[in-house]
Amino acid sequence: MKLQLDPDRLFPVDTRGREIARELYESVADAPIISPHGHVDPGILLRDEPFGDAAELFIRYDHYVTRVLHSVGISLSELGLPTSDGADAAAGSRDVWRTFSANWHLYAGTASGYWLQSTFAEQFGLTEQPDAENADRLFEAIQAKLDDRAFRPRALFARFGIEVLATTDDPMSDLHVHDALAADPTFTGRVVPTFRPDAYLNPLADGWKERVESLASWNGTNPGGFRGYLDALAGRRHYFVEHGAVSADHGTPQPLAIDLEEGEASRLFEQALAGTLDDAGARAFSAHMLFQMARMSVDDGLVMTVHPGVFRNHHTETLQRYGADTGHDLPVRTHYVEPLRPLLERFGNAPGFHLVLFTVDETSFSREIAPLAGFYPSVFIGAPWWFLDAPDAVQRFRAASTETAGFYKGSGFVDDTRAFMSIPARHDMSRRLDAAYLARLVGEGRIDLERAQSVIVDLVVNQPKKVFKL
Amino acid sequence: MKLQLDPDRLFPVDTRGREIARELYESVADAPIISPHGHVDPGILLRDEPFGDAAELFIRYDHYVTRVLHSVGISLSELGLPTSDGADAAAGSRDVWRTFSANWHLYAGTASGYWLQSTFAEQFGLTEQPDAENADRLFEAIQAKLDDRAFRPRALFARFGIEVLATTDDPMSDLHVHDALAADPTFTGRVVPTFRPDAYLNPLADGWKERVESLASWNGTNPGGFRGYLDALAGRRHYFVEHGAVSADHGTPQPLAIDLEEGEASRLFEQALAGTLDDAGARAFSAHMLFQMARMSVDDGLVMTVHPGVFRNHHTETLQRYGADTGHDLPVRTHYVEPLRPLLERFGNAPGFHLVLFTVDETSFSREIAPLAGFYPSVFIGAPWWFLDAPDAVQRFRAASTETAGFYKGSGFVDDTRAFMSIPARHDMSRRLDAAYLARLVGEGRIDLERAQSVIVDLVVNQPKKVFKL
Amino acid sequence: MKLQLDPDRLFPVDTRGREIARELYESVADAPIISPHGHVDPGILLRDEPFGDAAELFIRYDHYVTRVLHSVGISLSELGLPTSDGADAAAGSRDVWRTFSANWHLYAGTASGYWLQSTFAEQFGLTEQPDAENADRLFEAIQAKLDDRAFRPRALFARFGIEVLATTDDPMSDLHVHDALAADPTFTGRVVPTFRPDAYLNPLADGWKERVESLASWNGTNPGGFRGYLDALAGRRHYFVEHGAVSADHGTPQPLAIDLEEGEASRLFEQALAGTLDDAGARAFSAHMLFQMARMSVDDGLVMTVHPGVFRNHHTETLQRYGADTGHDLPVRTHYVEPLRPLLERFGNAPGFHLVLFTVDETSFSREIAPLAGFYPSVFIGAPWWFLDAPDAVQRFRAASTETAGFYKGSGFVDDTRAFMSIPARHDMSRRLDAAYLARLVGEGRIDLERAQSVIVDLVVNQPKKVFKL
């Protein structure tokens, strides 16, 4: 089966809508990429070594891709993942790629399928869709590219037109990779760290106590106790700010914020260290720490992003055999208006505070997130994320949020990806969908073409810079 | 940027769909306006004085409009709202209008932006979109119209083609404004009051006790106690019926109805008066009063409308500085099937009982409201309300409810507005969207054009009269 | 009003989309019908007697149809339903049909309206839409057909092209009707039973204790107690497997599964028999039995289908007068990720286990069901069901689930109907909608036409056979 990209993909199907969308898209198609939140390892840019092979690059480390194959009964070992006990042999790259190719039809219509086919065609020049017969040939065609210097990470960074790339980092990281990149005169890109403190804020997280101890000891002058813990967090945030960070990211089961009195918070903290805190107490403490993070963001200016509503590691056996991030993190219903109230009561109108609310429960766009962003100056609507990062879901998001909050309370597109190679396809998809949505509004006489022309530039270029203070 | 209304706005973009929609729309474009629920002050019609100026008319009193500007950090003082303590000066109308105009792009794609541009063009003949440069010129152009007798409220009432306009009124109102309007031979419009007893039913509402006392004393023969309270409510409802009311409206956090035994209800009532009722008791009492209101509607024939699911006054500081209805009432998830069961068990099949269920949680349309309306003769689906009163949301509503409940269990369009000047644009929008939806079904071969022609007349003209007993 | 079916009904309205959809549809329009779950009485095929009349066939026994008329105030007695106390006379068929015909406009745009008009036109050759004037004429035209041998059930079964039809059966049924059909050389169709044990699993169900006793005594060797109860259930499942069943179906208020220790489960079982089990205990026991059913499905291979989220018999008075399944079963919010976790932890990756999750809360498609199906090999997405079995809802389902789970984790179409006559129209609708959805993706450049051509065959022919092990 041939692999050919439709130059008008994702545009409306009616002639006039398609023409308008094409015109709008062309005005931003080559705009620099702003990627203010994601999970690319900055080390790949520092080392600038070749990517491994097609299976390494596209499959093994991407749980969006492996889950599709797992869902039809292919084990993660067959997809190249090692088991923690070494009991099952991980398949080699050739076999992984063959398995993927023979099952490529499973990706039809999916988010991963969309960017994979874009990347195969645009970056690797493939002209056939993968299948059982051509698997080896395509594997080698991809390898030939990967062996080329033009496919080293830095060359791609430049060719992709990335202006800013944010990574996600442990609060105790010394950020030496970022420092080295910034100091390297041969690399002119901007790569900024992001403060991601979840494992330091939730007493139920594995290793929380050890992390708290590492926090307490890092600068040698810690007063100890809850106050010392807060000071250390603020100190680490400051360190990140000094090293270029613009945001702090928070993954929480629910976006619950509670303003505890300091004595109560301190009491829960000590119980947690002593191992005597119950689940309700742990939830209260975590919720208080979300509140504290907002307070610190007001102080230090880091944009606060919240990614809630995910039930992590649903299948314990898979967690134990293959580790986390292996495809069984699953969305649950998520609410914002009531749980976030204490935080917004206190900081919702604070000057300079930016709070970006993401969701995997799309019912919250029209019911809660857009209405919150439509009042509070601090609140911005996070771009569709994870399970919602696909053409139809993005259009539902636009329709659900724009009528209440307009175009100027969104975060701008966020690729949120580990897959460096997918970045241009993801941003291109978003630009096409923005063009398509605006073209529809123009076609329906709801906005003028001239307005649409300025809105799309704002959506792609200006809004992410403004929201993420870039 | 030019301001020009597309005569085919909101219609489908395909040629045939557009032609069908245009034909359907034309058959109802000039139908009289039935407005069975809204918040226009009837005093403006009695006094028939000129509206103030562009800022008074469009911005200052409309929290749908001010919230958009507030959401980008413009204070309500800058939008002309006085603070309760007088600390911040409220901006003057010229400045408010300039601020609005400079930020007009924020309204692109929003519900308010839609009706504002319609009204600017159709009622005021503006041909430019507001911006920083033309703000003063447009302000004056609007003023010139407002100074014209043709823009006095009564002239507009006639020009808009309003057949019935319902207001929203305090149960203790003597309705003298309605009486005076009805008695005025120079005003031939029909303006009816609506009984809105929330603040008399919820013990947690500010001033509840004083209101209950005013109820108890109004007719001089009150037996006192819970029984007296019920009698007084029934009496005031009767007063409203005598003065033309057709419906009673209920805003509740959740649509919960409980059938308490009279002794228990009476006990909660006395505790509430004594100030000893806890929150759970207050919720139970409020839920019982929703049940009682249904009982009274069965008795006196007032259509019962319920507007639930709004968290009022989310931001206390804004409430304290600027009062209620300032943009931070926010939707929360809302359920109907289980909470309303006691009410529907008792009254769901009662002859003549009409219960109109509104929502700001659009998930409830397909899951609960349409299925309820698809069985109970008393239940009608409230038109999309508040955050959902916009083109895409309305189309989602139609798609979510029609397949289960058909076209004949909707309330008909309800503008629910304080903004008198917006009424024609809102009703026109609804008619266009009805035409567009029907045209799509015709285009997809799901209904015949002839059927669509009769349905649209029923939707616009007959259904609201039938549901609201007009 | 004429009754004419658009040959392109449900296809996209744009020219190219319509052409693609037509081509895709044609490739599956005449494919055999696989109906792996439904409620047709197999006795009608065994007896092969003529259907009664138009009212019997289309109205009286179909609560989807009667509810629409009930919702405008027509009593169920007027629709031919007898009351349990015989107080109200049930209307005769002629009158029922007249009432239906005079109110036919109520069905415009509804799911029932869609298949009724398809069936009137395609099966009965009607050329007019029912109305008050033509009611008798159409009644007679339908009767003339029903009197024809070509309208006997077996002739229709053949003409409809039904390859497999699953019924729904009581666990204690001896399945003699299925046996007789299988043994009848003059009937070559495949009709398979389905194990539906709800009333045997839920201690709150009327007659649960008697059912448990019948289970315990059926094979004469029952050890008694909870263990005997489980053995008997497993035995009856085995009996169904031997008689051709491929699936077991479960209707639960919520899809809650709990893995109790045997001692605890046994204790709850004994309390339930003794009548001392409280509601929380009953829920826990039912949830444990859902877990047990999964375990048994892993053992015996019966596909496990779950139909949760319905509040049954909302209006007690209607239940008492007319019985169950009279139109007041109503959807409530439904969650899957957390409630089903114990079951999926244990059996989610079990080889050969198939778990099909249906919903009447469409928010769960994108948020929970598709993500679950996108990881667990056992989980399949149930086709839109009940209130969601209509064109727009089906398209929302496709859009909400495909981007996460692709095309190969759906159940295939399930008609779930009591109305034998509606089967071809329902399957035809589904095929048209699949074609329309795929045509849109092709038109938007998201998949190739060649891919769409293979996907639609898989959706219609292969997927239901694979999922239901047919």
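Some observations on this one:
Note that the chains are named A, B and C in the order they appear, and that numbering of residues resets to 1 at the start of each chain.
In this section, a contact is a pair of C-beta atoms (placed from the backbone, for glycine too) under 8 Å apart; a residue touches a chain by one contact, two chains touch by 3 or more.
Source: prediction; values computed, not measured.
Its C-alpha atoms fitted onto subunit C, subunit A is found rotated by 120°, rounded in steps of 5.
Interface note: subunit B and subunit C, two copies of one sequence, contact each other through mostly non-matching residue numbers (shared numbers fall below half of all numbers used). Taking each chain's centre as the average of its CA atoms, subunit B and subunit C sit 40 Å apart.
Residue positions of subunit B touching 2 or more other chains, listed in rising order: 14, 363.
Subunit B makes touch with subunit C in their complex at residues 12, 14, 16-17, 335, 337-338, 341, 344-345, 348-349, 351, 363, 366-368, 370-377, 379, 399-400, 402-409, 440-441, 443-448, 450-451, 454-455. Chain contact summary for the complex, subunit A toward subunit C: residues 1-2, 4-6, 8-11, 13-14, 67-68, 70-73, 105-111, 113-114, 129, 311, 314-318, 327-328, 330-333, 360-363, 387-388, 390-393, 396.
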